[in-house]
Amino acid sequence: MSTSGNLLFLIALLPFIGALVPGLMIRAGRNATATFTAVPTALALILLLTMAPAVLNGETIQAEIEWLPQLGLSVSFFLDGLGLLFACMILGVGLLITLYARFYLSGEDPVGQFYTYLLLFQGAMLGIVISDNILLLLVFWELTSLSSFLLIGYWKHLPEGRQGARMALAVTGAGGLAMIGGMLILGNIAGSFNLTDILQAGDAIRASEWYLPALILILLGAFTKSAQFPFHFWLPHAMAAPTPVSAYLHSATMVKAGVFLMARMWPVLSGTDAWFYIVATTGLVTMVLGALIALFKDDLKALLAFSTVSHLGLLTMLLGFGTEAAAIAAVFHIINHLTFKAALFMTAGIIDHETHTRDIKRLGGLRHVMPLTFLIGTVAALSMAGIPLFNGFLSKEMMLEEASHTYWAGSAYAVPVLATIGALLSVAYSFRFIGHVFLGPVRDDYPAKPHDPPFGLWAAPALLVILVVLIGVMPFLADGIVAAAASAVTGAELDPHLKIWHGVTPALFMSIIAVVGGAALLALHAPLDRAWIKARRPEAKAIFDGLVASIVGLAQRFTAGSHNGAISRYLAIFTVTSVVLGAIAFMGGGLSAPTRDMLPIPAVIAVGWIMLIVATISVVTMHHHRFRALVLIGIIGLTISAGFVYMSAPDLALTQISVETVTIMLLLLALHFLPKETPRESPMGLKIRDGLIAVAAGAGVGGLSFAFMQRDIPTISDFHIANSYEGGGGTNVVNVILVDFRGYDTYGEIIVLGIAGLLIYALMHALLEGPAARRLRNRDYAQDRSRDRHPLMMVVVTRVLMPIALLVGIYIFLRGHNQPGGGFVAGLVVAIALLMQYMASGFAWTQDRQRIEYHTLIGFGVIIAGLTGVGAWVFGAPFLTSSYTYVNLPPIEEFELATAMLFDLGVFLTVLGAVMLMLYSLSRIARYAGSTVNVTPMDYDPGSRVDDGSEST
Amino acid sequence: MSFIAELLIAISLVVSGIFGFVGSYGLVKLTDSLQRLHAPTKATTLGVGGVLIASMIFFYAETGYLSIHELLISVFLLLTAPITANFIAKTYIARNLKKTDLPDSQSTCGWSIYDDPPESRPGN
Amino acid sequence: MLTRLIPHPLLSLTLVFVWLGLVNTFTLGNLLLGGFLAIVIPMLTAPYWPNRPKIGKPLKGLEYVLIVLWDIVVANVQVAAIILFKRQKNIRSQWVVMPLELHSAEAITVLAGTITMTPGTVSATLAADGGSILVHCLHTDDTDAVRDEIKTRYERRLKEIFE
Amino acid sequence: MIEAAILFAAGCYGLALLLDLWRIALGPNAADRILALDTMVINVIALLVLYGVWRGTAIYFEAAMLVAMVGFVSTVAYCRFLLRGDIIE
Amino acid sequence: MEFLVASAVGTMTAGGVYLLLRLRTFPVILGLALLSYAVNVFLFSSGRLAIDMSPILSKYGEASYTDPLPQALVLTAIVISFGMTAVLVMISLGAFLEADSDKIDIDETDANEDVAK
Amino acid sequence: MSHWIILPVVLPAMLAPIIGFVMRYDIVLARVTSTVGTVLLLAISLGLVMMAADGTTHIYRLGDWPAPFGIVLVLDRLSALMVLLTSALALMVLLHAMASGWDNRGRHFHALFQFQLMGICGAFLTGDVFNLFVFFEILLIASYGLMIHSGGRDRMRAGLQYVVMNLAGSTLFLFALGTLYASTGTLNIADLAAKIPLIPAEEAGLVRVAAMLLMIVFAVKAALFPVQFWLPATYSNAPAPVAALFAIMTKVGAYAILRVHTVVFGPGVAGTDGMIDAWLFPAAIVTIALGAFGVLGAKRLMPLISFSVVGSMGTLLVAVAVFSPVATTAALYYMVHSTFAAACLFLIADLVVSRRDGDALTAAHPTVQNGLFAAIFFAAAIAMAGMPPLSGFLGKLLVLDALREPGLMGWAWTAILAGSLLTIVGFARAGSTLFWKSTAIPVLAPEETADDADGSDDTPPPNRATPAEVAPVMLTLAALVGLAVFAGPVASYLEQTSTQLFDRAGYISAVLAPGEET
């Protein structure tokens, strides 16, 4: 039976809304903050209680909004008995903690932050217990890890806080991640991530082959969160948090999330051997171990922390038994443990607050100075010990009863004996808490003068111990909620009748043994404690820290070693990867039969081949002499250009040779600043390795091209040849492709050049404004230079050559559409012409006469090309649609005008501007390096000797 | 194509080839760098000239139009070859010879490789 | 005004011819375009050629060109012979210092170029003040003869043309 | 006849290129290498024109002209680098 | 002929890769230059080889043409690699001037020494 | 004829030269223009997303040439999404760059920035593989400029390495394209998709090589093992807003793999079937591990974030490697998420690092707004590490859920979950050192700093972050929150997106359809 209750959304949301409150209210003071922080919690609790009757009647309340339906993740909540129990605990204790913390925290602590984190945590925790979608549950689950990280690290200046927070996050985070896996598997088996659906699919899940992985992964989440052995070690270190946090998270709520989850999943996951042996055994071991360690802890909070570990083990064990009675006991003990343990933590906090110490060995006799605290603490501790008339007794009795008839691997005694030992130890440390803190004589060496705290501090624990006693005396008060919760856990209608006296049962004997034995053990505490301190035992924190440190160290070494800045190695890996994967890919396929005959090899071409090969090998072998390598590169460029001519690619030849020249200029300009020799520093092994890689890459690439050159295939370029003249208005198909069919590529390409110009210019400025400039200034580049900078002959010849070269540039530009040439080559030719002038008469002299800035050229070029493209829009055509017409202007013969030429003009300007801006930038750097500025076009004009009045300036 | 044209073309080509070869042969044969300078700068200009003349005759004979753009290459080479040679010579001298290895300039200043120009102008 | 429009008439004329050579077909349109470019380009490049060299006798210039062309042919044959047939040890290379009477930068350039193009000589460098040329002679026994021949055959003519 | 002459000339230039290559590879000094590269450029120009004659087409002419132009510029640049360090002062 | 082209591409690639793996910036630049020659010819060869079939449409009669598309692609590639080379040269110069070292690998200890200097 | 499709390319391409060449002396003018341009780009891309939302594949034929002969732009849901992602990120980054003054610490920032946007948008929109190369180059060269913006020794050296690595990558790209053209005779993606399946498997050697080499090329951009080495040094030395913008650059690689290796060499193509997945998947797994180890082992903040980017790329590519619509949906969601998460981290890192003496992960005087920065860092780290409630968690769940195939699940889940754990621990260590441990050191008042005789007077006293500086970080965070809150609608768009991506026939017929524009 379920009813819809959209109030659930509000309840879930209220803590998160509340988390915003402290940030605003903190300006109004601590009291106001605490008060207003309590409001949303109280409101949520009241809303929850309005639903309680229905839930106690066996109804479930549901509400759902879709979130990520593709994943099956929805914001869906449901409230059943178990959820109600936990929600009440979370909100109720939350209220008490809010009150307690107001008085606990000092004036220097950022209270606003505290309440924000606290409410975030509360919201997350509340979310876990009312989620009806296991993915949503995961969200809240991880949120509790995160918010508890913030709370544990609240005193961020303390190293223990930071370390404790990180440890808790690492352990519970790891568990949470495992649980993600488990939940996803679970959802996949059930076909839904909705809890209500999954809870119906228990049989299918247990039958699935994925059951065990899912179980283990989910339990990892639960065990880490609930501090089960061997993940128990983070909890004591989380005690670095302020005590309200310990009381709330580490006794009442968060650590119970794991228990909650096991309870929640009980109908689905329990009932198998795997469940029993994993869960019950872990619980049992944890219970005994936690209790044992607790006995020897001197820090009050540590004692309580390990006691919590032990009790969580107890709960886990009960759930692991997998019986309905055990489930009832577990639910009941959850309530009881909450009441006494929260009260105890608060008591510890009060003692710490009043005496300024939590060290049991420095305490004792507080009964006399802090009677009220003594009363509260003693009642709670007796309940923890399982002394009758207190609620702890009841549930422990039920636990022992269940343990007494549980077989473990065929043994009837293992579980009862160990459970009794656990109970015995529990009695011992509980009595120690009472005896060593409150009893005995009053000491005169407390770090502070203790007395009972103000009402605000003792009110909350007092309320809790009242519950301890009430339930202890009148357990039937809890009947309703325990019944509802236990029914929800088991999925069966349970109607437990909680009572004080169960008659003479094995449990009673075990209980008596525990109490007597515990008291005896405490009597022997002093010698045992000495032995304990002497004993060597594994220190969980040290192991964890060592583990983390070694993983971090490994990660550091690995990262530093692998990403060590050795780009040459990265490139080697890249090349090897390409070659190997390429080869593997090839071998997975195959080749069709060759379809082309090979072309003959004329002698001159063979010579060209020899030149290319010799030059390439020489570049490699002589690369240490950088200048020589540049000369050799010149051969390669020349040969390839000639080869392009031979192989029907005149446009390529033109472009290749002019680009190569400009590139060599750039390299020469740069080499001026760089060392002229490359040191011989590669060890032979490296050379051989690189040589092998290089040969492999070369063979691969060569083989690839040899393979496809022997095979013909139809290509799309038949279209280009067919449409070049009719559609593009040009007979040079390559040019028409460049400015028309694929003009968009060309547009991109000139933008690359424009960016290159910009980049180089920007870089030049960065260099001239940075420390590099100092280095430049201090460097002497003037050694053993020839004294003639601007030789007369060069200057004179350039004066004739430059106009001719410009003319050639214009010619090449104009004919490009129909014959080899075009904007790009023309731009380079003009750049080379200007370059000639710069080389002849020097940078400064030439630059002074330069009327158009290169920046502007690039800008115009890119914009003209772009506008030509956009211009087509006016005619309703797409970007870069060209059109052309033949103009007949008598007496001139017909000529063609094409928008593509305008585009090509953009190319021309950009290329020219970019090349010149690059040269300009390099020259500026050189000038910065100390070259003086020439004011005349040539070193010395002999004509000036005779006619000084010449117009040469 | 007339036999005369063919013959002229063939002769030009053969002459060109011979000079082209001799230029590079000199480059290899001569042992002194300055001597080598003489070989290619002379021979190759005529070598290229020969091919260019052949080309001109060829296209004239083929199409009946006088193709003059071959002349441009010749003009270009004639203009640039001296500069090239001059620069290479200076490069050799500057890097391999000392001032004293050269004869005196018999002028007011020494050779421009080693000496600064006279301070004849303000700001120079 | 005309000087501004056509700063270097000879250059402009050259450019028209070069344009026609480039397009390689003589049409009215090409001539007009060539003429236009021959005016525009020198105007644009005028700042880089600030002075205007005087050419006194253009016809002498033509004569000079023809002489040099002939000498180039001869030079090629002579040098080819030396390269092909002379033993290395018999080649006597010498430096020749050529004091100059020319003052125009253009004239000096043409002379230096001519030296490089003609029999067995390469002009290696100028004096820093342009007062003499250092000539490398591939093979000669008489440096004075070489100097005198250059003086009479080329420098004298250039002096007439340029000054 | 023309075919044979072309073949002969091409052979000459082919050999010339190899000799140039020899000089570039051996040096011994930088001036020799630059000179040899410059010669190579000129030989290639001749070969390009020769190829145009052989195929009877003028579309390779621009390549030859451009090679002449850039060959000059790069030779000067190489020399200027050795002479002055900075090719554009 | 195809073999010559393929082997030339292979040789230039091998040379380029070898230089690319050197430890100073200048050889690396040379290596990338060689590689860009290699890749240009490679890309060109994807249109297969043809002699005297330039894709310049003849006004007279039928003629066959080589595949023009790879040529256009190579042109684009040449231009782009030119821009890239210029940038590379400039940045390597910048790195050299800033760090006073033309090593291309960044070694932590090396870097610290430089700072100490 | 709708010209909207090309606007994301043309708009920045026209603005950039105006900013770079006309307004280059006026930073204010450049800022205004750049901002207006980016806002417009965002508006345009929103329009494109709406255009594409109905599932039509819009084609824009450049130069009015039909595919496959001319170049076409293809607007489908995926490209629209990527353009939107780019422009949204760009706006946030731009605001940060201006508020922090980064744009004025060198020349031409805004021009390069707009060119960068042009390159990225162009790469997302193109339907032609060679054009993809061209736009890769545009975005790369612009990124080189942005990477070394404002110069400095370490940045320059790292920038040099970045350039060299990418030039090597570009070379390989061309080798791959040459092989592809040689074996298919076409460059249009749709045409390739139509032709390659016709090649019988036993003759597919060349095409397979092309496919493999292309994957390596894209892998370099996407920082996939073993070609990811370049990324940490590059990102950690780039100016912070640039590093934030680079968050989209790795996605370009992932996008290209999705586009090319789904549409062209996709599942079911005889010649290349199963070849790419076989390599991509394990490589992605290793990438996750490398990223996680790097986060844990980083000694400085910027490398830490950079390694988290590597890890996130691994997670993304693991999902891509499955090449199924469901996994692609997850991958796309994760892609959007990780872009904003990385950007957010880099921006917050900038706020913090600029107020400290370097980015070393050591305790130093806390910054003035320690709490605020700690909170933002915490939120961003949560997102990046894939913790709830931000989009990272949902993205991770989607990816995990999509990788349910038994053969993949073990490796993928282990890697992703263990990677998350290491990342969480790494971020927790870093954050607690930077923000918590620092509080143990008393804040120095400005005058104390000035009196400090140690000579550390060159560090100016930390100044408060202006709202304008914090706003962009908050915007990225808001994006992450929005992505989480509206995960349902977003995922349903992405679901349709991947369905469309896997509809190869639809793509081919839309692109190669003669005549009418759709």
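Every chain is named by a letter (A, B, C, D, E and F) in the order it is written, and numbering of its residues begins at 1.
Operating definition for what follows: a residue touches a chain if its C-beta (ideal position, glycine included) is under 8 Å from a C-beta of that chain, and two chains touch if they have at least 3 such contacts.
Treat the numbers as computed from the prediction; the structure is a model and nothing was measured.
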item	value
Central chain (by mean CA position)	F
Most remote chain, CA-based centroid, reference being chain C	A
Of D-E and E-F, pair with higher C-beta contact tally	E-F
Separation of chain B from chain D, taking each centre as the mean of its C-alpha atoms, in whole Å	11
Cα-centroid distance, chain B relative to chain F, in whole angstrom	57
Averaged-CA centre spacing for the pair chain F and chain D, given as whole angstrom	48
Numbers and ranges of chain D residues touching at least 2 other chains	10-11, 13, 15, 17, 30, 34, 58-59, 65, 69, 72, 76, 80, 82-83
Two or more partner chains touched - positions in chain A	560, 565, 567, 569, 571, 575, 606, 630, 646, 650, 671, 701, 704-705, 708-709, 715-717, 720, 741-742, 745, 749, 752, 755-756, 759, 763, 766-767, 770-772, 786-788, 791, 793-794, 797, 800-801, 804, 808, 819-820, 922, 939-940, 945
Per-residue overlap in chain E, given as positions that touch at least 2 other chains	20, 25, 42, 45-47, 52, 54, 56, 69, 73, 76, 80, 83-84, 87, 91-92, 94, 98, 104, 106
Chain C to chain A touching residues, read off their complex	11, 14-15, 18-19, 22-23, 27-29, 32, 37, 41-42, 44-45, 47-52, 100, 102-106, 108-109, 112-113, 125-126, 128-131
Residues on chain C engaged by chain B in the complex (per definition of touch)	18, 20-22, 24-25, 72-73, 75-76, 79-80, 83-84, 88, 91, 93, 95, 97, 99-100, 112-117, 120, 122-129, 131-132, 134, 136, 138
Chain A-facing residues of chain E, complex	1-27, 29-30, 33-34, 37-38, 40-42, 44-59, 65-69, 71-76, 78-80, 82-87, 89-94, 96-98, 100, 102, 104-108
In the complex with chain B, residue positions of chain D that touch it	1-2, 4-6, 8-13, 15-17, 19-20, 22-23, 29-32, 34-36, 38-39, 42-43, 45-46, 49-50, 52-53, 56, 58, 61, 64-65, 68-69, 72, 75-76, 79-80, 82-83
Touching residues on chain A, where the partner in the complex is chain C	787-788, 791-793, 795-800, 802-804, 806-808, 810-811, 837, 841, 846, 849, 891-893, 895, 937-943, 945-946, 950-953
